[in-house]
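Both complexes shown next keep subunit A, but they swap its partner, so subunit B is in the first and subunit C is in the second.
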Partner chain A sequence: MIRPLKIAKKTIHHAILIILAALWLIPVYTMLIDGMKSAGGVLTTPILQPTGLSFTPLITVSSALELPIVNSLILAIATATISTFIGALAAFYFYKGRSWTNNTVFVIIAIATFIPYQITLVPITEILSTLGLFNTYPGLIFTFVIFHLPGGALLMTIFMSNLPKSIVESARADGASDWIVFSKVAFPLTLAGAVSTFILTFVEVWNNFFIPLVLTSTPNMYTASISLLSYTGGYGTLYNDSFAAALVASLIPLLVFVLLGRYFMRGFLALGSGSKG
Partner chain B sequence: MVKIGLENVTKIFTKKKLENKVLDDISFEVADGNFFGIIGQSGAGKTTLLRIIAGLEGPTHGKVKFDNTVVAEEGKIKVPIEERNIGMVFQTWALYPHLTSYDNIAFPLRAKKMDENDIESTVLHLAKMLGITEILVRKPGRISGGQQQRVAVARALSKSPSLLLLDEPFSNLDATIKDNARSLIRTVQKELSITAIIVSHDPADIFSLASDTLAITDGRNAQMGRTSDLYHKPSNLTVARSIGEMSVIQGLMTQGSGKDVEVKLGDRCKLGFRRDELIAIVPENNTEVRVGFRPESLEVLEENNTALKGSDYWVLIGNGFVKICSYSAGIFRVLIRLDGLDDDIAVSSDVSIDTDSRISLYAKRDDLKLFDSNGNSMLNYSMSLGKQGSSNDERRRIYAST
Partner chain C sequence: MTFLFVVPTLFFAAFLIYFIIWNLYYSFLDYSILHAHNPPFVGFGTYSSVLGDPLFVTAFGRTMLWVVVCLAVTNALGILIASLIFFLENGKLKSVYNSLFLYPISISLAASAVIWTWLYNPQEGINSIFVALHLPTFSGLSSPSTSELSLIIVSIWIYSGLSAIFYYSSFQGVPSQVIESARADAAKAHTIVFKILLPEAKNAFIVATVTIFLFVLRMFSLPYVATGLDPFTMTLAEQMFNYFTTEFFSKASVVSIIVVIIAAAVIVPYALFGVKRWISGD
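Coming up: the complex of A and B.
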């Protein structure tokens, strides 16, 4: 009696999962297929039908996207590293003691996370121009960090709140300074959370379009997201190149997920299990 | 290696403007090299007291002194925990899960920037002493509870602390290895002659380790003294019960003939007390009192056995039946229900007694405890305790005659 019911339930579960996966895979599939068609083929063959595939468009865009991808990598890695690390430091500061000032700072950070960055981008552009940092890596990284640090601190605070208090207290009893408690105990124990924060920030910076659009002025500073735009240029769009470029640009975040994904899962799983003692 | 002094320590936790006084005016001193116990029921404030001594909390009022240095005063921590040179064993052990046992034990030494060679010899020495050499390369998640506890002890000792603080260090251990763990701590503490403070709700921990003990109830100093005095001369019922088992029977105190005072238990038993055996209060007639019995000061005989009749040392408390007889470590624990009473009375017995058998319950007269209706002791222990030795002799005589 129970078995058929169970099987039916399982089937429904799987069906739902398959539908969801298909919904997500269709655009990816389209991107893959149509990025390998010729400029004519992409217009004349049905969009979901794989005919006349070749690597030519991929190779063309890859070499064109080389510099923008390097730029994006530099910006995303630098921003994610800085935001995660400083975010972890801030989280540790909150963890150490809840006081009136701590709470206030925390609320400000939480609010800052939700402010649309478009609002503050104009004054920042002016500041960067004055400092001579407009259209430079430091200027871009500085701006990205401003917008991603609150999120990093917020996430790390959530991850760190899972750290048992007695472990940190016992480190203090063992004579460890704040820095040693942080670097040898608190940070290693929230590493999975830090990796998750890194990945999230990395992907956000990678995909961000608006900030580099406003803060760069020469093609040698363009990021991958900006360069994608050039494929929908004024004289008509090369759809196959456009698809191929999108494919190439999304490979890097995908790679990051594949390499660090298990930490990502572990970080979020830890939130559900552990508790602050 | 350090003398600890607490002066009028009060701790108030304030949450949403609600004040919770967890410790109230606690004062005591722990002599250099002494092993001091703090006992009390759950929520009494033991952990809070230990955390104040450690420096994890500051006292709201009062002072904490290490030797002659004031380390905390009036809400301010003057010497932070990392500078107090203490070794701490937490109830949960709080080992660093990402480090091997070796690195756990070495952690305090690395924080001191000790030379790696010296670290190695210290860690290996401690590991040998505590019998954990084999598991040094393993992480805490891959060793047994007993081993984890020893790693925690080794970590607390590795930096040669001047003060060792233990918060219920055995409560997560199997009963079978508790005594081993206790003896290990006792040996290490003696060998290194460090001052130690243990917090526990388990009398076994306190008896096995602490020479002097503070009993706290609801954050107040209920009694302090030699550990055995807390057991034999408890100042109130809560102390008596926190440091050992005690059964209680309600009684009525009346003026007896002459200068004496009589306590009536049920309808069979009248206990006489001389006035000088009581502390100086004159109870009114028919005052409710409570008489307390330790399990070992009671004797169970089959009903109407007269072996103890007429003894100066044994008094008949009443007749009743055996509710249950259980066993623990060479002693039978018998629960007695006396006729006409509602409370069970625990007795330790050398022999097993059948459930439901009819019995007579006798108590050692001089081991009785007497409490008023608030639970405060009414006995003047300096008068009534002197005779304890002789009642043991008497007990032997009784056995000989039966």
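Coming up: the complex of A and C.
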């Protein structure tokens, strides 16, 4: 009597998950089937129905998005590297001692992590224009670092707080300087955390839309996400180009997520629950 | 001299503080296309003209409604998804499902906007199924009455997986003996969720709520890419941008200050609450 009931429950349990998962996958499904649909297919089938296979939209879009993707890569790698490294330095400071100043600085950084970046719209535009950095890589990287460094410092602090204090103290006892302890002991031991911080920052910068929208003015500085503005559709456009553009612009963050998802998730969990996962 | 290690971070954080002070200062002036040089001091004048602007008022109300609906649904779906995954037996399957619900957060809001704009297309999109089944169609982004709801749905798709992993990791912190003994007493799954798992998930609730609140508070590119600066979907961040592009800089600063105040009301207690968990644990 109990077994059939149990099997039925199990089936329902899996069925709900499968249905929810299928709903969640619709956008990625349409990116794949419609990003590779021929113009003829677009005219004869709706979005959810696959037909034929054509690489034309992907090829057209890729050549248009090539420069924006290179720009996104430059900005995301530079910002993630700087934020992770400088963040790790700050983490070492927090790791070393618990004091009143320590906690105050930490709270300031935690607050800076979560401030909505749009609020600096007017002043950042003015500053970068005055410095002649408007619409340049250094200007964009500088702005991104301002916003992502606090998060990097916060994440690295959480990861570094996992290191047993004894490891550092024993290095200390051997007379090593702070810099040696940091570069030879503390940083190498939090490398997995640094990877999480790097990846999270990389994906956030890659996907940021507002900052490049405001701080770039010529198409040669556009990033992958703002280039999508010209693929939103409208009268007379074919949807295969839109999906191909979304796919091309999302390919790198999606690959990072699929291949390094563990690090990605660990970053979010650390930031959230303080879980050291 | 360990303090030197935090100096580079403070250098950049100082800019952020400077920006906020800058906004505060300019919010009391009338710096706009009308007064580009030597903007006059107007006290709370710009504040009152912003607060009296119907576009701002609706953008504010809409953003708050968006926050409330998105938080309610992403928390509920997060609990549902996390519980469904938690009771799976296969560990590999658990992590596959966790990533599957989280993946939308790795895609840019701009890309999501492009995809969903087409999914909401009256003829080509999801409606094609409703038409084939002779069901009423959903007007999506094409009608002012459903455009905001359509965008809220997209944000729910994006953030539910994030809420789910916060709950899931809280659930995992519950000692397995507690759950096994409840099972031995033939407790039903929903009893375990409501009586054992959820009371332990207070942190997950706070974290999911604060994080998603801040994501929605700065919502910009999803409505901007999907509908442009449309008065029927405009958010606070878009309204700020709208003032900026029309060169009412002081008005943009006023919106910034309002956003900072709302964000700070949430972030400051959260950061103080976080300090204990983030770094004090040895």
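By definition in this document, the second predicted complex is superposed on the first by the 224 of 277 C-alpha atoms of A that agree within 3 Å, B and C clash if a C-alpha of one lies under 4 Å from a C-alpha of the other, contacts with A are read in each partner's own complex, and residues count from 1 in each chain.
One rule holds in what follows: a residue touches a chain if its C-beta (ideal position, glycine included) is under 8 Å from a C-beta of that chain, and two chains touch if they have at least 3 such contacts.
In this text, all values refer to a predicted model and were calculated from it rather than measured experimentally.
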| item | value |
| --- | --- |
| Room on subunit A for both subunit B and subunit C (clash or fit) | fit |
| Which superposed partner A:F268 touches (first subunit B, second subunit C, both, neither) | second |
| Touching partner for A:A110 - first (subunit B), second (subunit C), both, neither | second |
| Which superposed partner A:I47 touches (first subunit B, second subunit C, both, neither) | second |
| Partner chain(s) touched by A:L254 [first = subunit B, second = subunit C, both, neither] | second |
| Touched partner set for A:P4, first subunit B, second subunit C, both or neither | neither |
| Between subunit B and subunit C, more extensive residue contact with subunit A | C |
| Subunit B versus subunit C - smallest C-alpha distance in the overlay, whole Å | 12 |
| Shared contact residues on subunit A - subunit B and subunit C | 277 |
| Subunit C - residues contacting subunit A, complex | 1-3, 5-6, 8-10, 12-13, 15-16, 18-20, 22-23, 26, 81, 84-85, 87-88, 97-104, 106-119, 121, 123-126, 128-129, 157, 161-162, 165-166, 169-170, 173, 203-204, 207-208, 210-211, 214, 217-218, 220-221, 224-226, 237, 240-241, 244, 249, 252-253, 256-257, 259-260, 263-264, 267-268, 270-272, 274-275, 277-282 |
| Partner subunit B, residues of subunit A touching it in the complex | 164, 166-167, 169-177, 180, 184-185, 188-189, 277 |
| Subunit A partner contacts - residues on subunit B that touch it in the complex | 54, 56, 80-83, 85-88, 90, 92, 94-98, 107-108, 111-112, 155-156, 159 |
| Subunit A - residues contacting subunit C, complex | 13, 16-17, 20-21, 24-28, 30-31, 34, 46-49, 86-87, 89-90, 92-94, 96-98, 103, 105-112, 114-125, 145-147, 149-150, 153-154, 157-158, 161, 165, 178, 182, 203, 206-210, 213-214, 224-226, 228-229, 231-233, 239, 242-243, 245-246, 249-250, 253-254, 256-258, 261, 264-265, 268-269, 271-275, 277 |
